[in-house]
Structure formats: structure tokens, C-alpha cells
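Lettered A, B, C and D in written order, each chain numbered from 1.
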């Protein structure tokens, strides 16, 4: 019964995401598509963060850093191409099939370095240190005046996708949705695989895992890097959506908001984080549209979720207990 | 030489302010295992309460009691209503709930006081400067802040090392059973400690209010630096918080003062200035990274 | 009483809207501005200046009914972009204004222009759009960013300071500020100190200034950080030893009120001040004080002037927003502004006068800004020559 | 005869408390060895040093002739050391089968395999079912560990240790908290392993100790005071005074 309800919810979510471009002309045009694109992109970030929070019990409070790095990679590549300034001999690029994987690579490398350090600790140390390192990356980009520093870096146009221009909002939405589908697929295989078993085993009982001969550190590091890469991809998409990357994409508030999305939707559930991203953006947009003091209401809303709905929307639908 | 002395004093003053915040945060974590992101909000509330009351009454001295009262009261109410249900919960729930609190407090202050930064006047008696060395004047108020910081540090040391409350605090959350076996009402103890932490945060807030501008968001800047302090010092350790504060406060101040100057030895002027400023702003994180590589649980790890 | 006045206001609003509909659909003006964050008071004043101008004309600008849409960008470029996208899509807005900060403008203005919108800046005038990348539908009613600091540099030169220390936050606007200052100053710069963006304790920097022993100091710290800087400057004892020159954003009327005596004696430059004697300015100050019960800042005057300039443009179009007609009228700028003489340059940025001011004690004992004289006359900007419209 | 486990002068202090004081213990291969001692004698600290969770201040630990003093917990586990905990340590949200399969997986090389569904992997499930059957949990395979009874969880923990194919089993109070029936069952299971695998048993239940142990070591205040056959230990005056005299019923 519970399973059926959650399957239904997942089905509804997929149907809604696919229906958006067809329904958009009747309910607000490109604005709706843009909002839906944000939901999809933040859905990817939330999904990747859930690999850490939900599956590995690693509460990372610095996930925005990898998101922002991904955004900067595409903005910087486009900046060098547009201004005819080679970057270490590379002319820069505006081709999505080049710069998006590059964004993932850079975010993944950053996650590798930061993760290697942070994963030496655990629990509350881990929370604070991931936050502190993200803040460090934030400050580095604020100080990078060549790339706009605090002002951020604008892109003249969206990336080309296999040589084609993506000017149409709907086309871009389909690309983002495709990326989300790919990430969902990867995440799903990851969590049922042997690798995923070790991660969730480590989340469930670290001592038992050690006694069975698992050095959990290496597995967690790989998970941290994979999550960083997915966030990097999302960042690349987000920079394309806005044609703009800025240190704001790395701010600790955004890291906090990503966590809220994951938990609002439901930790350790495949579709929960995506639902969380949708609900979060919906609530935030409508509240901030209604009152400039929206935080007064949004804060307690987050608080109530933390206190009374720790398993999020997915948990509510699925029912308690099992 | 004079410059160095002045910079060292500046670093010391920052360190002591950080210590007030770090002590509260590390106590709350050490004894009740709660990570409280809203600690920075208590600092902000202290500053706002002090500055508003001082402006209303036209007497800056009234800022101190009102800030202490406000932050301690809010802290106690917060503990009772929100933090208490979080004791049994994981860090994730704690982070999320206190993140919500930050949003709320920021929104609340913006609504109640307004967004423009407000200022607090320094008490007239402390508003000048004292010539600590010939040709080196130093703001009286900053000296007073240092004095207060040292007094609080000593007071905390006394409480923790010499009193029954301190013994209970040292026993920590791991030995909850033992503490309860001593006939101590653990709920009251937790409320007290949380209130004390809030009070110290409020004190830090009101003390810096006349120096810095009082504005929404001031709590978060300082919160992250405080995190760095207690991670470096070892979470739960008051001694660690003190050493960590000194290390981070000094690194930050001296880094800002000397990084550009040192870099000028190798780089041209404006590049050195820009790069030096960047280096200075990430200096404390580098220190943290180095400490973690050598000692993953901080300089003074607690419990094993 | 309250209910009654509310009902009255409601009725007035209805009448106003009805009247507007009877004539024609009002022109929507999208005002994206920064209302939250510590920099929020800048946006508040710009907004209130614009709204005052609209209210004075009974819901119209240049005789054309207008409907202002207002939203907070939270100082986030991404948010501003989304608001603009939404208005273009859902509300069919063509005319925009309101952006306070350069970083928001840099991200948002291209979106507006690409969608054939018109943007009139009430504040930020980043160099990105004043030279090669200027645009026929992009107007700046306030100043080119460099102007603020060029005028301060000119003032420092006029006051005869031979060697100076310059401070600014380590980001683009801070860097630009020092470039602008140096362009007109010409004296020796002993040291350039960059502070970090969120810094509020400047004791380390002040120690460096003390050690450098300059004739004077120029610093650029707008908003909250500026307040902290000035207070600490006074407390360190440096205030009585080293004179300070700043540009308008580092010492506006609100900052002066907040720091009090610590601001006394600081020299600054601006293109407008509350004590301007022209009738338009006097009427504006009176009207603003009456409506909002506070002293207007220079930002409020910029908002008001921006609305007046838009009014001049709209008047010619008669409510049909034809960009060429609008542009022709705008470029004439046939309207009285609070700041006095004003022309648009070829890059559609201002050519105007800059004034020397000083923070002094007013008759009521409060610190106020007093205008002393002109430092630059008919001053344009260095980028106009690169602009080909 | 090679030694399965040997400690040489193992010493560990916590502040002023000397929890292990020059402990030198020798356990022969295929021996069933019991470690007893009053509460606070330092048994848990000693076990911690054997399994690698606690690093000794001085002294060495040898496992099947190899010095493992500096080895991590997982490395010792893969070297043939299986263990159960005083307080049950299981992945509570996993089924009994998955708990054991996870242990089987640990023996099959690294787990950086990202695509195939582990829950349908015969190479994991078949051996896991065999081990479950050995501890008498064959019919409970699909139940999540959190819904098993206390006794079943202890059996499952033993299964997790056995699934590693260990050469030595370190069991920290496997009978703790069990009723008489459950205890009897556990003794029966352990009897079946006796002589096949080296066993180090820490236990308070004296009936179990005397039923299972080939030799017994007695730890008091961090010091080993005797190691001998059960009958000799029973007769040992020093042991009686220090331990049995106060605790035996």
C-alpha cells in the first residue's frame, strides 16, 4: 500500500515534469518554463546532496561550493572565448559537450581535495568543516577580480549544444530534464550496487562495517566526489539558465537551502529531493512575492519541518514506520 | 615595531571577542551535543538590544544589561521551546532547525528595526584613546573590550575548574547518567548552560556594537569564523576554544596586516595588494586545514 | 479614523485606476531594486523618490499614466534576472529602472536590452556598459561609477594633498573606485589597501595608515561598512591627525546621521545635496520630508530625477512606448532636475556638475552635509569616446 | 604450534587509570579461550586493543604470527579476525540476509562496483543464506534487523562475524541480556564452532564459560592474574578471592 502511494507520487512527478512545456503556453509561458528549469536544476543538486546526507549520513554543509564551481567553469570558458584571451594556451570553449564535463571534472577535483580532508573527521566536525571550506572557495572567487570577483561573471550567450544554439527556453528545459533523468539513473544504480550497500552500511553502523573489514573512508570519498560532480553539472546548467555565475552560487545560505530541499522532500529517497526542490522553490517564490519579510515565515516553516517532518513529503506520503 | 604592537593588540581584541562566542558554542555542543547555528543570531540580538536601548535612553551604559538580559532570555526561551526537542535528534535536524531560526531572526530584525545598519555610541568615558606607548594612541574602548574579554575568560575558567556547575559541565553529555545519579536536574542544567552561552554571545555582540555597524547578517559572518575557532581548538573544549580564538584572531589580523606587505617582496604593488587581501581572507581556513591534517579532532580533543 | 482614511485611500486608488483606464492602459514600469540586506536603504530611497514623483503627478509621469511594479532583488544578480524575466513574460513590461548595485546591473541589464526593453539607471553606472558596450536603450540618470571617485580625486588635488593612502573593498567596484580617484588626483599614492568584502573591523588597516603617515586618506566603503569605518577612524584618534576625502556613497545623509560627530570635518563630493538652492530641489526635499518624514539621501534625489527624466521621455511618446520617440525626448532631457544643469552624453550617461561638500554641525546640533562649491563642471566620463550608438 | 593471538606487555592508561597493565596473553590456534574478570577489570579495553579500536600505549599485538599493533580495524578483520560487540552492532535498517551479505561482500575484494544490483547478486546471497542457516536464522532472512528479537540479533551478529570466514572469533559477552533458552541456543551454536575456529570469549555467564572454554584467563584491575584449564581456575585461590568469591553464586 505504502509502496503504491509512493510509486504514484513518483509517477505524478515525472508526468508533471514532462507536461510542463506542453502546459506552459496556457499558464504563464516562458516564465513557468524558467521556474520549472530551476526546479529541475536544483533537483539535481538536491539529489546529489542526498547521496551524502541520505545515503551516507554525511551532512555536508558546503554543497553550494561545487555547484558554484561548475557554474564558474562554463562562465570562465565562455569568457575566455568571447574575449579572445587564451587560458594557459586553451582558447576557451562554448560547447556544452566540452565544458559541462569539464565543469563536472573541476567540481569533482575540488570535492576530492576537500573531501579527503573533511572525511578524516565525522559528525559535527564534518558539518562545520565542509561549511568552512565552502566559505574558503567562496572567498577565493570573491577575490578573483579577473573573473568579476564579487560582481560575478556574465556569459554572452548560452553554451552551444553539439554545435546548436540553445535560445529556446523549452529546448533548454528538455536538456536539463535529460540531465536530471541521467543523474537519477546513475544515482539509482549507485545505491543498489555493492558500492551503495557499503555507503548505506556505513551510514547505518560504522563500527560494524569496520569490524567486517571495510575501510569506509575511500567509499565515502568516492561518494563525495560523485556528489560534487553532479552538483557541478547542475551549476553548469544554472549558469546557462541565467547566463551568469557569481560567488552567490557558493554562498553558505544556498548550501543551507539545498539541505532544506533534501529534507523537505525526504532523505534517502530517489524522488524525494526533487519534490523537495519543487516545494522549496514554490514556497519561497510565493512567500517572497507576498511579503518582503518572507523570512519571518519561511524560517519557522523550516524549523517545523526539522522538528515534525524529518522524513519530508516523501515520508508523509509513504506513511510512517516502514 | 610600533605597528607590530598595535597589530598584536588588534589581534588580541578580535581573539577575545571570538572567544566569547566560541566558549558558548563549544559548551553547548560539549555538554548537550547540540550544534547551534543560531548562536550568531544571539550575538546579533545582543547587539541590537544594546544599541536600541542605548539609543532610546540616551545612555550607552544601559546597553550592557539590556543586551545581556535580552540574549539570555531569548536563549532560555529558545532552549525550552526549540532546542530541547532536538537533544535526542541527529545533527541534521539540529542544523536544519537552527538554520530556520537564523532566517527567522534575520527576517524579524529587518521587520522590527529595519534594514539600515544602526550604530551604538561609545560611552563617553571610553570614547577617547590612551597613549599606550609614546606616539602610539590606542582606542580606550578597545582596551576595555579586551579587559572584559580577559575577565570573562578567567571567570569561565573559575566556573569550570572550581565549581559544582563546572564539574557537571566537565562530566559532559556522555555521562548523563552519572550526572543524573548525583541528583542534578539535567533539564535545568542544560537550560542554564544554554542561557550562559547565549549570554556570552550577547555580550560579544554588544561589546562590538560601538565598533562595528549593527546590521542584519552580522551573526553569520562571525558564526563561521567561530566554527573555525572551535574546530581548530577541539569541539567541546573551553581551553581549545581559548587557544583556537587566539590562533585564529591573530592569524586573521596579522594576515590582513602583513600578507600584502610580505607579498610585495616578490610581486608588484597592486597585484600584491589584491592577492594579499585574498590570501588574508582565506588565511584562517588554511590554518584550519593544516590543523586538521595534523590533528583531525582539533588541538585539544575531548573524549578519547 | 484609521478605517476611514484607509477607505478613502482605497476609493482614491479606485478612482485613479478607473480614470487611468478611461484614458489608456498605464505604462508599466518595472522597478527592480535592493530592499533587503544592509544595502537596502539605498533601494528604499530610490523607490520612494520615484514614487514621490509619480504621486505628485497623480499617478502619471510626463502626463502619461504609469503603473510601478516593485520587487526586491535581495542584492542577488540571479534573483534580479528572474524578476525581470518574469515581468517581461507575464506582465509585458518594457520600461525598467531601480537597480542599485553594479553587480546586479551587469547581470540583469543585458536581459532587458535583448528583449527590446528600455533601462534607465537611477544609481549604478558600471563601466561595462558605458564604453564599447553602450546601448541605445540604456540610459544612466545618476552618474558613471568613476565620476563619484573622479570628483573626489579632483577635490583631493584641489585641497592640496600631496601623498595619500587609498582604501577600498577588494571587489570590482572598489577597484574601480581607486582607478577613478587616481585619474583626477595626480598626487602620490603611498599605499593602496584592499579590505575584504564583509569586513567590519578595520583596526589592522588603521594601524597601517598610522604607520604610513599620509597627508590625507581616501576611502570607499558604502553602507554599513562605511559606518563602521568612520566610527573606528574617530576612535583610533586618526580623525584629528589625518584628513579624509570620500565620495558620495561613503558618506550619505543616513551614514552621517548614524555616525554623528565621527563624520565631522570629512570632505566629500556629490552631484546633489539637501541644501541645493534651486526650486526643484527645494520642492523635492519638502515633498519628501512631508511624505516620508525623513531627510532624503542623494539616492532619493536620483530616484526622483530618474522618474522626471522618464517622464520627459514618456511625454513625447504619449503613452505608446516607441523606443525611438522615447529616445529622442530623453536625449533632450528637457526637464528640471533637483541637481540643476544636466545633459546626456553620447553614451547616454550624464554630463553634470560635481560639488565639494563637508560634514559640519547643523543648527540643530546634528551632523549635516554642507555644500561649499563646484569641483568639476560639465563633467562627462572617460568611456563616452568608445561608444558608437 | 603457532599462536592465533598473542599480546606482549600490552599497556593502556586513561588518565590515572591503568586499564591494561602489561597484559601478555597467548591463545593457541583452534583453542576456545575465555576471558573473565569482574566489572571494570579492563576487559573491554583489552578487546579494543585486540580488534584495533584502541591503540595501546605500549606493547605489541600479534595475529597469526604477524605484528598487527599499528593495523586498523578493517585490516585486522580482513586478516581473519571476526568479532561481536558487547552492545549489538548491526545495520538495523538492513534485513538479516543483507547484513550477512554485506560481510560476504567484504571478503570478495573491493566494493567499487557501481552498476549491478547487489540485492540480486547470487554470489552474495547464496553464501549469506548458508551462514544464516548455520546460526539458525534461515527462516528470518528477510526480516529487518530492527525487528528481530534480542537473541536473534546476537545470533545475526555472530553470523556477520562468521561470514568473513574468520580464523579467530572475538566474542564480547554474546550471552549478555539473554534469557536461559536463548543462552542455551547460543551455547549450542558456539559448541558447533569449537575446535574449528579459534574463539576468544568474554563472558559473565559462568555456565557458558565452563561449558565452552578450553582455557580461561582472569583479568583483574588490568592485570592477568591467571591463565589455566577450567578446573584449575575453579580451584585457584587467588581467582576465588579476587573474583569468584565475590561474584559466583
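Just so we're on the same page, a contact is a pair of C-beta atoms (placed from the backbone, for glycine too) under 8 Å apart; a residue touches a chain by one contact, two chains touch by 3 or more.
For clarity, every value in this text was computed on a predicted model and none was experimentally measured.
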Higher-contact pair (C-beta pairs counted), A-C versus A-B: A-B
For subunit A paired with subunit C, centre-to-centre distance based on mean C-alpha positions, whole Å: 37
Centroid distance [mean C-alpha coordinates] between subunit B and subunit A, Å: 31
Distance between the centres, which are taken as Cα means, of subunit D and subunit A, whole angstrom: 43
Subunit B and subunit D: spacing of chain centres that average the CA atoms, whole Å: 47
Multi-partner residues of subunit D (at least 2 other chains): none
Junction residues of subunit A - those touching two or more other chains: 139, 142-143, 145
Residue numbers of subunit B (touch at least two other chains): 110, 274, 277-278, 281
Which chain pairs touch, all of them: A-B, A-C, A-D, B-C
Interfacial residue positions of subunit A with respect to subunit B in the complex: 53, 59, 61, 117, 120-121, 123-125, 127-129, 131-133, 135-136, 139-140, 142-145, 252-253, 256, 259-260, 263, 267, 293-307, 310
Of subunit A, residues touching subunit D in the complex: 189-190, 192-198, 200-201, 204-205, 207-215, 219, 222
Sites on subunit D touched by subunit A in the complex: 51, 53, 72-75, 77-78, 82-83, 85, 89-94, 98, 101-103, 105-107, 111-119, 121, 124, 160-161, 163-164
Touching residues on subunit C, where the partner in the complex is subunit B: 35-38, 40-41, 44, 170, 175, 192-198, 200-201, 203-205, 207-208, 210-211, 223-225, 227-228, 231-232, 235-237, 254, 258-260
Residue ranges of subunit A in contact with subunit C within the complex: 28-31, 34, 38, 139, 142-143, 145, 148-152, 154, 242-244, 246, 248-249, 288-289, 292
